[in-house]
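Two complexes are shown next, each including chain A; its partner changes from chain B in the first to chain C in the second.
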Partner chain A sequence: MTVLDIQDLHVAFTQRGRVTPVLRGVNLTIEPGRICGLVGESGGGKTMVGKAITGILPEDARITAGRILFKGRNLIGLPEKERRQLLGRSIAMILQQPTTALNPILRIETQILEVLQRQMGLAHQAARARALELLDTVQIRAPERVLRQYPHELSGGMCQRVVIAIAFSCQPALIIADEPTTALDVTVQFEILRLIKILQRDFGTAVLFITHDLGVVANLCDRVSVIFGGSIIEEGQTTDIFTAPKHPYTSALMAASPRHDQPEKGLHPVPAEIVSQLWREIEEHDRARSA
Partner chain B sequence: MSALRTSLWHSIRTNPQLWIGGTVFAAIVAIAALAPWLAGHDPMEQDLLSQHLPPFWLPENNPSFPLGTDSLGRDILSRLIWGTRPVLLVMIAGATLSGMLGVVLGLVSGYFSGWLDNAIGRLIEVFMSFPPMLLAIVLVAVTGPGLSAVVMAIVLIGWTRFARVIRGEVLVLREQDFITAARVLGYGHRRILFSELLPNIAPIALALFALEMGRAIVVEAVLAFIGFSASDVPTWGGIIADGRSYVYQAWWVMTLPVVCIMISVLALSMFADGLRKAIDPMMQR
Partner chain C sequence: MPDLLSATGLHLALPDRTRTSLIGRAPLIEILKGIDVSLAPGEALGIVGESGSGKSTLGRTLLRIYTPQQGCIVFDGVDIANASETAIASLRLRMQMIFQDSQSSLNPRQRILDILTAPFIAHGIASGDRARERAITLLERVGLDTRHGQRYPHQLSGGQRQRIGIARALAMRPKLIIADEIVSGLDVSVQAQIIALLRSLRAEENIGLIFISHDLSVVRSICDRVAVMRSGEIVETGACADVFATPQHAYTRALLRAIPLPVVNPQWLQIDGSDPLPRT
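Showing the complex of A and B:
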């Protein structure tokens, strides 16, 4: 059964009475245990997709149409209580900034145990044992010591491991990873990606991997969706997309990725014609919808 | 054991405010607790034959009244010592109640935007726009003088300071990723308010608490000065009020309690600073 099925999702900002659409009919499906990449440039709406799923859209943003089915259940309009039961336990999220995603004034122990006790209903002793196990799983070498530490005493990579441990702690069916490695340096980035891959395979977790980094997508994801201007312009198997992109924007995006092995090729921004053509289409679409 | 001693020494060296302020505060508590044994005289006992005796460093002093006597011949030292009791009560009750009220309203106001925030914000502004002393005087006029009226006056003014600062802190904190992370983990509002936000504002709330204790002393003194505090027990403000009429004949009657108030308020604001430094894990480096 499909874990996540987003159908025709529309999200719009309302500011001083003016409605600005950010998602214009996003369709996306993720099968159990698969990693689906969601790529696009900044402002393309990729983060909004993650926020819409977890219900943390900004206050002035609203879902105007569409359905978000999690295991066949529509998350939109779900009562607050049921939504909160799903979050953390069945759907978890990894945020971009690991150093700020942890409460700065609470020890790591408090933060991990809180999830285990609340969401898994474990007693203190059992939760502590499980927390040590989890930290070991995310390859933290001195779990006992890390439990006693505060986030500011840990490096960004360590913090992200803790965040990942918390995300996987309840063995959720779906994890939304919003640029989880963007704030980290390249060597740490690689370890974190490998960790996410190992854990998602071991736990059978489906992952929605939101990123702007095509290199990461190529290595990690089973399927890719390319988002532009709030709609998916191309979707398919990672290998297909990378060998034979159908949409000119996708090929331009791939050409725009800097290649360290071929520096002589230089930097190639996405051609302006492609972008302005896409925006023309979007504006037409908006006009058609509002008419 | 020696590790404990070195860490204690380290703390005294790096955070002297905490220790100086804390020591003075502890001394006030000790004096209040031991008042019956420390005071040489009954603070209410009048001795009309020994009015306006000067303190020990001036000529014509009487060794049995080390800090002299007031216009009714009462021992000032004993009155100052017994005066720590109402001061302490007012300090702790006033700061605790205004702290609790202010922290809860500040948390709620900062976390939930919208009408609730607006309502609490307006309320803070209304209370702050009143001259605080006028507010206290009106209150005492309604309830009658006494220590409970003083505490109420302190709370009425003090909560706004907590609420305003805490609200500002929460406005910044709630936009941070760890609050988003908590929401994504399915935590409810109550849990986010009290388990995630409250620990983050605890250092600043404690510092405000210590400052508020200092302010409580001043409010009590002012209210006592105009005769709105307790009259059946000696208070520092009451001694100042008594000494005012005779300030040319016996300046020490008024000066000594002022010195006590200054030392206490100064010590409490030092304690407040030190406390914040000691509690906040981010500042411990």
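Showing the complex of A and C:
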């Protein structure tokens, strides 16, 4: 059964009475145990998709149409209590800044145990044993010591490992990872990507991987959706998209990505016509919808 | 041809603010451990490394924003490491720096045109309409126009602000520009535009460029030579073509292999069977 099925999702901001659409009919599905990349440039709406799924949209934004089906159940309009139960237990998040995802004044132990006790109903001793096991799973060498530490005592990479441990702790069906390696050094990014891939494979978790980096998508994801102006302009198997992209914007993004192996193939600016054509289509779409 | 810039045996230690005690001074921590770099006129040198490698500190030391404890820095024939502030003040016009955070390096209360006329007025080069004309010429050189001159920094996009940073650096016709992570945080399409701009400026004028970046791919496409830094030392240096094709140092190889290329490669993550990762 499809884990996540987003149908015609529309989100709009309302500021001083003016309505600005940010998502214009997003369609996206993820099958169990698959990694789906959602790639696009800033302002494209990729982060908003993740926020809409988890119900943490900014105050002035709201869902104006569409459905977000998680295992067949619509998350939109779900009573707060049920939504809270799902989040953390069945849907977990990994964000760009691991240091902000963790509470700076609580020891790592307190933060992991809280999740295990509340979501999994484990007793203190059992939760502690499970926490050590999880830290070991995310390749932390001295789990006992890390449990006693505070987030600021850990490097960015270590913090992200802890966040990943918490995300996988309840064996969720879906993990939403929003730029989880963007703030990390490239060698640390490699280790974290590898870790996410191994864990999602071993736990059979579906992952929505939100990123601006086509290199990460090419090497990590099974499928990829390219987002621009709040709609998915191209979707498909990663190998198909990278060997034969159909949308000119997708090919332009690939040509804009830097290539140290073949420098002449990279860093070509995106032709202005492609972007202006996309905006014309968006304006038409907006006019048609408001008419 | 003599070097435009040549630094030898640079040592720099700064107070370790994470270990400040109530009594006495914070202990010094060594950041640059004997750095040698040189740059020919018009050459572009990339300095790459991960966070904490000392690459940004090196850039600032080369401009004597930090004074090294040991070593010398010769710019255009003058040793600026040991010269007085007044002696290097005039040289500073010929060496400019562009920063990553274009938002905070531009005065938010000044219009772009005022930001760009300021150096001409301050150094008595031009004033009034003449300064204005020069500022507009600068705007055009970086692909913007008069309309952008009327705006405030926050009204421009990140890419446009970075163009202003470049325009301001060009104002005094520098011989050397040190660019510190100037395309990090920009979208790939904008990044490509800024790199294209830097490339064309380099082709027009004989400006030496020190391009500091964590991104080896970007350095590959704009620099002639590259120096790889780790923990305050240069572990490998050479022509880009050579270093990228046949990296000699294990760390350079590790950095290169960790960069995900926009090409599908199922072997890249090195996951076969269930081999465990080393614990960190």
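Basically, the second predicted complex is superposed on the first by the 288 of 291 C-alpha atoms of A that agree within 3 Å, B and C clash if a C-alpha of one lies under 4 Å from a C-alpha of the other, contacts with A are read in each partner's own complex, and residues count from 1 in each chain.
Operating definition for what follows: a contact is a pair of C-beta atoms (placed from the backbone, for glycine too) under 8 Å apart; a residue touches a chain by one contact, two chains touch by 3 or more.
Quantities reported herein were computed from a predicted structural model and do not represent experimental measurements.
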Putting chain B and chain C on the same copy of chain A, do they fit or clash? fit
Computed vertex angle (chain A) for partners chain B and chain C, CA, steps of 10°: 80
After superposition on the shared chain, which partner residues are touched by A:87: those of chain B (first), chain C (second), both, or neither? first
Quick one: classify A:31 as touching chain B (first), chain C (second), both or neither. neither
Quick check on the superposed pair: does A:95 touch chain B, chain C, both, or neither? Answer first, second, both or neither. first
Pick one for A:286: touches chain B only (first), chain C only (second), both, or neither. neither
Which partner, once the models are overlaid, touches more of chain A's residues, chain C or chain B? C
Contacts of A:212 with chain B and chain C, given as first, second, both or neither: second
Chain B and chain C, minimum CA distance [Å, superposed model]: 5
Contacts from chain A onto chain C in the complex sit at residues 41-42, 136, 139-141, 157-158, 161, 185-191, 193-195, 197-198, 201-202, 212-220, 238-239, 242-243, 252-254, 256-261, 263, 266-270, 275
Show me the residue ranges of chain B that touch chain A in the complex, using the header's touch definition. 113, 176-178, 180-188, 191, 195-196, 199-200, 202-203, 280-282
Using the touch definition from the top, list the residues of chain A that touch chain B in their complex. 54-56, 59, 83-89, 91-93, 95-97, 100-106, 114-115, 118-119, 150, 152, 163, 166
Residues of chain C touching chain A in the complex: 50-51, 187-189, 191-193, 195-196, 214-218, 220-221, 244, 254-265, 268-271, 274, 276-280
